[in-house]
């Protein structure tokens, strides 16, 4: 098949300013459960932000809005583009979403196919796809795993490949849902180094406040579908009352 | 309901001495992977012990030996009974095993049915089963959930039900595989209180050294199928070199 | 836990491993077809077919007896063909009376039975060798190249990937049930058969819902990476001259075998 | 061993080429229709859903339950899939499962795969879904009972058809294979029915939305009821008839012109298909086989092309 789609079609136009803007985002699940109540949020380019909060706070729900898997209320703007069905492909290329469970993210038989899935569906030419895949695997230091079968990998390895699958799409904004869950201390350490070295804007949900403290200068606390605090991580972690009120614990 | 059956009728024979003895336990998986090399271990009644070590150390493998799901080498003795096919059913009544993922533990539609599985399988009379289930749910503080569908519970709730399913069997020894993984800080705190208050001998594997420090006076470190350290938790946690050598981090 | 027990691929550096998967799949199917075309009792042709298998084994780097040693999996099914021995045709060989039943094995029947078994046994060996020298994902690519509908091959690719995830899940469920299957001295344990079947049913229902809900999450993950309803694949294999050569050699051998069988 | 060859997975070599190709053709058509139907109803979601559900069936086959004396029942899952996912989706799912079993585990052959898919997928979808759909407005107990009945009948129908295929291929004698296969599967079917009912009850409790009348009706029209009931009746009538009086079946076949020379004849006509104008030569047989293979290939290419056009 001749894939002749030009790459630039999927590249966002150059853009200065906040990479992500959310204004008054509401969302209810089809069963009527209201999961988000008026979320207000801005992310500047290059920021690395932690998103914390108890189980059921709405963190995953919010993240699924960032590239239009849920919702279409027009409350989300990515790199200046308001999210709507027409901009969707561009926005999905700009926002890389990594789910909590790598077994839900890695759905192809081999590592290569999985990492190539995004670029392939963006319609990139074959040569470009190979370049992208190699670069993505290189940056998570998994180049040697190119031809491996996904089900032969350990949890930590799967996690890294899952990150590579979205890096291959050259996202402007990386969104990770609980990347450290289930990792042993050594694998967690490797992940921290990896995230620290990636030069991309990041929004990361986590229950691991020690990780948040170490990696993210800014922290957002959610509870019951609302943002209840947004500020410098170190400051928020000092506020014992705030943490306790939202089921969190000082690391 | 007049529940007048005395519970102690349906108990394993009384026994004094070490509840668990393992002498020189070796194990290889069918694919040839040698997972345990000469494990030596004693647990006195009433002890609460943490089992730590990096991913792949063999913690889960060891735990699966404690009630005969894996292995049959005769190296394991529970409450004076050497583990073999004949004693297996009794040993399963004595050792309550809770798996890491509560979804693997709960297979019945309602909470009640799940907790009642063990007692039903043991052939207890109906009145006794009700007593057992109520007591087990009470001790994890989930009595109100008796008729709920386990499918719809939160992770933290499922975890507590999973513990109740083995408590209903009145085990002598409770074996928990990574009970705190995936819990938010509040649920983790609730779990700590629960484990502290249960008056049963316990062996708990965990990656969460802070939890180990708080709950378990004794700690066993495993790596590559061997026990590499066994002693008072606070002492072992001081030994920076030891921890680092086995991929652990001081909490 | 690992369900790697399902992996039938054996790695080795061999000409057969390097061969284009299309050629391997095509020749395997052709070989099985050729077996089906052999009439009963042409022992020489069956022998030659086995020789071809041995030859292929030789070039797989896995040992000449590789497929032979694993080829008895279809044997239980042979029971279905046993009755062929007693077809009332040809010469009776003996007469056995078992109670009210009278069994008369005939020479025609025996030949028929042996031929069915041989055909099946040869075909199974070809299949075993194919999966031993071809990574399953490559095989799926071969089917794509051979124009099997993309939806079907993609479904099989998903199946392959999640086979391992879900069987692990089942194994853990079974362990959970096993670990709580206890007994006390003096009490009859195990419950009724109905209850046991219901527990198995609950486990199946549980697994079904979890799989169903997982497919939603995977769909989300696919959407997040630009999926718009159509699967695309990189056609990653190209046929070399060597591939064409081996393909023609293989087909030639099979045609020769067929001709020999008709002489 | 995790996957012992189930008695229903016919290996290569046990069916004659004609029977194999015949069922391949039917199966290819049915699968082609299933692809286009699921495309319409499930849309782009179908690929992950079908794949995971196929993996589910695979995994569910490991769910055994102790029956007695060290034996255990196994679960096949086709009926459950047909009821919850709908018949078209179930056909695709079972096709994927049988395909993988044949390809990866040599559990069931390649040339006979069409017959295997037909026996285990298409028949099951007809009976399982058809019967369940016919009582869709009844109360829960009735629906569960009918689902159980469907599971049992689907198992029996598959066994019956497999026996007939073996007989027509000249591999087995009717009076032996029918009682043997039906006897074994009557038991297997009971286990299948029990587990299917329990699993359905579970799903009705936990996710009633998947099984409400509207959702089920959407998945397949009334035609499935007629098809399902018809095949069920045929199975019920034919099974005792065939096992009690196999010669009767023989007579029926004879009068319908299948056979002309009594029992032994079936062993001679079917393996020796020839092309008329070439006479009974080696070449003729080869050509016949090739024509069959080409027809098959043609249908596959045609369906592939159709789908591609539809997609773009």
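Each chain carries a letter (A, B, C and D) given by its place in the written order, and its residues are counted from 1.
Here is the rule we use: contacts are C-beta pairs under 8 Å (C-beta built on N, C-alpha and C of every residue); 3 or more make two chains touch, one makes a residue touch a chain.
Everything numeric here is computed off the predicted structure, so don't read it as measured data.
Considering the contact criterion stated above, the chains in touch with subunit A and with subunit D alike are B, C.
In terms of Cα centroid distance from the overall Cα mean, chain C ranks first.
More C-beta pairs touch across one of C-D and B-C than the other; that pair is C-D.
Separating the CA-averaged centres of subunit C and subunit D is a span of 18 Å.
Mean C-alpha positions place subunit B and subunit C at a centre distance of 40 Å. The distance from the centre of subunit B to the centre of subunit D, with each centre set as the mean of the Cα atoms, comes to 45 Å. Put simply, the C-alpha centre of subunit A and that of subunit B have 35 angstrom between them.
Of all residues in subunit C, those that touch two or more other chains are 4-5, 136, 157-158, 160-162, 165, 169, 173, 190, 199, 202-203, 205-206, 209, 214, 218, 222, 227-228.
Shared interface positions of subunit B, defined as residues touching 2 or more other chains, are 109, 151. Looking at subunit D, residues 48, 201-202, 206-207 sit in touch with two or more other chains. Of all residues in subunit C, only 3-4, 135-137, 140, 157-158, 160-162, 164-165, 214, 217-218, 220-228, 232-235 touch subunit A in the complex they form.
Residues 2, 4-5, 169, 172-173, 175-185, 187-191, 195, 199, 202-203, 205-206, 209-210 of subunit C are the ones touching subunit B in the complex. Within the complex, the subunit B residues that touch subunit C are 10-13, 29-31, 64, 67, 69, 89-90, 92-93, 97, 99, 101, 103-109, 113, 117-118, 120-124, 151, 165-166, 169. Those residues of subunit D lying in contact with subunit B across their complex are 201-202, 205-207. Listing the residues of subunit C that touch subunit D in their complex gives 5-6, 8, 28-29, 32-33, 35-37, 39-40, 73-74, 76-77, 79-84, 86-89, 108, 112, 116-124, 127-128, 131, 136, 139, 147-152, 154-163, 165-167, 169-171, 173-174, 190, 193-194, 196-209, 211-212, 214-215, 218-219, 222, 227-231, 255, 258-259, 261-263.
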